[in-house]
């Protein structure tokens, strides 16, 4: 099959990758962490520790019997000071465990498996116990993803190193500094899934990462350079670009025989399986209008404010603090903790946030041109605003990924994504 | 003359015979009651009954007369006649009107930009207001009203009770559940929707009910009970004395002057 | 052949029955709110128009002229058309109830669609067409009607999701749209002859 | 979290492209400058007066129209373009009241009645022009030759009357009779290429439009270059058929639009009563635009069977 | 109560404006006020007499064939007025063209027959049809006045210039088809703005 390296539509925002040559540094140990009991798609965990309990790093503090869920672990050693409702970066309020640190950084004992000898089930249960979820953004529990329904034949594993959003360099640095772990992790996943074909998709604006992974991957893991274009990192478009397959609407990559894992998750899988280390820290890019942009290895549950301080504090009058990239991240209004899916903290000062007033749609068609899903955002906006959810459905509104390309290019500055979310709400109401 | 009559007459005869034969062969059973019920429906096709419009509703009614209460717009007279047509007895129902249970004034959590509807605003973070139950004031209810009965004054919707027909579309449109239907003869109403404890309300909004129970104590007939941190008024006991309104420090309770209620609805 | 072609072009574009002759306006404004309904209505009208052209021509030629009662044409024609439409209505109601619902009151009103009587009168009175020419004219006029209705329905669907000033919403803007469409169709004037 | 942090919340994306409505409109105006300049150069000061009158009354009409609608008037430049385009497709000799009437009609009926910017179905400038042609046909078909102002016919008028073909180089540089802005293909081409290069207009529309006219004329045994350069085809193809608001939003749709308009131009020129059909061809295709949009929806990712429009 | 049956036709239930019926002649023959007057007269004649007849014989018409019956009745009256105008004023006959016979299928007439005359007694039918006729006349004279003035520069009725002033450069577009739709659209919008319809 001919390798296609692109997909339909997409945009080219300024990359602004200010931190691509900054080595990953270990962040200062936080004195207090807030660990939400739901950092993933699926059921929230129930706390398994009580207020006042002493916990160590890596100790499980929340778990759930539900099939789609992932346990959470303490990320510092200290005392549980409260169990209360806290705000997630996504704006949801969920129960969370707050831990005050003690002086030490005492870990629980961890035990790994030998991937050569361990069974598939053992490895999957290890991954679950370590609380692994997709670290690229959505947070889908990894053990569920690695255990596809029997009837789906998986033939390809794709490691997602595209990192198409501007500003973020966490995955890029990982590929440069922890390449070996990623390659080994990929091999473990391939073994679990029983596939031979392992591909790593990397955008061609990261030639050093492509070289490094190509060198380390050797014969078994092949690197596929991709055209630099947002949203290349969306797994649907990655699959389309690399394999030319289209995931059916409403379906999952399983349905076309593919499993996609983010590089960060792959590295975490390696550490979990071979050493039994739970997911307690991750790389976060802190950038934008801060004194010194950094890639930090951060304990989960660390508050945004302390990380921004660690980067020298904000520059100018801060107007927006965004969890995630500028295209799909969430704007924050109070201090929130880093969670398993937080790949970037973006600080925007007044100068960078120039919100222009909306003007009428002039039907320029730019949104249609850039929509990677082949939708007609302008029509969706009009149907939503005219209260015609049945027409929204007719124009496939539910296929929208909210990648934001349409709103990015809109010359009329219509908040298209916001409107489409409203349209989806109306459609869901219609279906009821 | 005779020829002309013969020609036209035979044409007419031919076609009418054809039509009679065809209409017999292709006869369709039509329930006449559907049409007659349909005539009694208000015809706004507002959809509040849960059907696609008055036509659909009329058809459903013939099959299941008990749905008659679903239509909130029908006048008492029409309802009675429709009931007679469908063979059920209709009890007199009081007319409902929409009531906005928020006086506005909650603190704003953050500046925001985006789609200017209440529904869209309430999906930003936890909603733009410190009070999660308060009116956002962007007029989703105004747009939902098919009768133009709601208008925004400043940031608060005001219901014109002469135009309101109690269809409840605004109730569904409000993402915060601020609007409730109340009987048109309700004597005292409350202007707060937050079931949060007094401390939380006081921190978020100067106009909210803090469940201080002064009204409960002031009421001489025992018509007010605080439930879920909000006063619940038993309108049948209320004497419109206004003691509770006097007692309320935050002006949450409002006394409506009882209106003449002889004809619940005249279309 | 050339002649028939010019009849077709004239009927569809130049003398479009709706936009230049103002016939069939009731369904033009009534049924043009949905593209699908417009297509159905166009088909129905085209069908009835073709059949009516043929029927009335035959009656005119072989009944009215021999008995010298041409002045009774209005009564005779409308009788034929009304009966024919009623027939179609009865059949559709039984066989295609969905279609019948969609047409609503407009199906019976095809009878009083002045375009149909208009075309039959044009055939025998204004143009004195031959049998074949009448049939072709009936068909082409129906197509012209369908075209105008189809375009109008597309535009009105778009108007529905845009924001006109309150006083223009609905029928007023539909008229103005029709006006501008008629203006555009002026471009065809002078074609053929 | 940060001292003095005044949070601003919105949905993603948090960065936006620089392109704005006003910027696009400004670019179109700039692109029209060569055509306007050549018109004034060829036909003198009266032409300039027509242009100024047209733009001024268009802007004033829009202001009044928006006021009547109760909408906020913003100087987004769209009215300027309407006024300018209308002036460019008027004969240079028209009395000054005509562009005033034309652009008021264009803006008030063609645009404001539909709800203002973005809502209109027909290109306002062409609506204005078609109305003027319909109402004052004599004034709208009085032509003069450049520089000297002697009464003459347009190249297409000559051709329609059977007087042969004007040399293509005259048409290219604009040394012929015609509307103020349409005679010089070169001047229009400069502006058009600028717009295409800046990605403000899609090349598909002008290419398919002009291409269709050229190929069909060639098939019918007419000199294609003459028909491409004569009349208002260039102005129409680059500036009017590409009007965002009134042309299809999809790429396929734009090709359909161009081909359809080209077909109509050939039909009207060859068989119609008018020597020129650009204005009407675009107006008629404007009428088809909603249907074209509806039937040329792009293929949706992951949706295997594309369903037909309608319910 | 009874008077309302008449007055409702003028504005509140004006057949053209509110019910959007009978549009064809409203737009087609309103190029001259003269034609409009002729049309209004013929229309009133047919509407009133045919509906009176229908109201009178409503008990005898079988439901299934009522519409053809109505139409035949209407067509007969149209034939009468057709012959009358042909003989009385050939020039007007020429002007009205096929729109005179087409009164037969004017939706207003059939609509009133179906909705009113076939259900109500004679007296009410007379008032109703008279009101509808007056409403129709009002609108077509108004529209034709506007179109003739702007389209030809003045208003000429039976050879007399009706207005004291004329336009020097009339817009011929107004008496052509686009003008008809335009005037109607703007009229409707204005009436809507004033809250009439």
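Odds and ends about this structure:
So that you can tell them apart, the chains are marked A, B, C, D and E in the order they are listed, and the count of residues begins at 1 in each.
Operating definition for what follows: a contact is a pair of C-beta atoms (placed from the backbone, for glycine too) under 8 Å apart; a residue touches a chain by one contact, two chains touch by 3 or more.
Small disclaimer: the values here were computed from a predicted structure and weren't measured.
Taking each chain's centre as the mean of its CA atoms, D is the chain most distant from chain B. With centres defined by CA atoms alone, the chain at the far end from chain C is A.
Looking at which two chains touch through the most C-beta pairs, you get A-D. The distance from the centre of chain D to the centre of chain E, each centre being the mean of the chain's C-alpha atoms, comes to 40 Å.
In this assembly, the C-alpha centroid of chain B lies 49 Å from the C-alpha centroid of chain D.
We define each chain's centre as the mean of its Cα atoms; on that basis chain C and chain D are separated by 33 Å.
Work out the mean CA point of chain A and of chain E, and you get 70 Å between them. Counting partners per residue, chain A has 331, 333, 355, 415, 418, 421 as the residues that reach two or more other chains. For chain C, the set of residues touching two or more other chains reads 72, 75, 79, 83, 86, 162, 165, 168, 172-173, 176, 179-180, 183, 186. For chain E, the set of residues that touch two or more other chains comprises 65, 68, 72, 173, 176, 178, 182, 185, 189. Listed in rising order, the residues of chain D touching chain A in the complex are 1-2, 4-17, 19-21, 23-24, 74, 76, 78, 116-119, 202, 244-245, 247-251, 293, 297-304, 307, 309, 311. Chain C makes touch with chain E in their complex at residues 19-26, 29-30, 71-75, 78-79, 82-83, 86, 108-109, 111-114, 116-118, 121-122, 125-126, 165-168, 171-176, 178-180, 182-183, 186.
Residues 382-383, 385-386, 388, 391 of chain A are the ones touching chain C in the complex. Partner chain B is touched in their complex by these residues of chain C: 59, 63-64, 67, 69, 72, 75-76, 79-80, 83, 86-87, 90-91, 93-95, 97. Of all residues in chain E, only 20-25, 27-28, 65, 67-68, 71-72, 74-76, 78-79, 82-83, 97-98, 101-102, 104-107, 110, 173, 176-182, 184-186, 188-190, 192-193 touch chain C in the complex they form.
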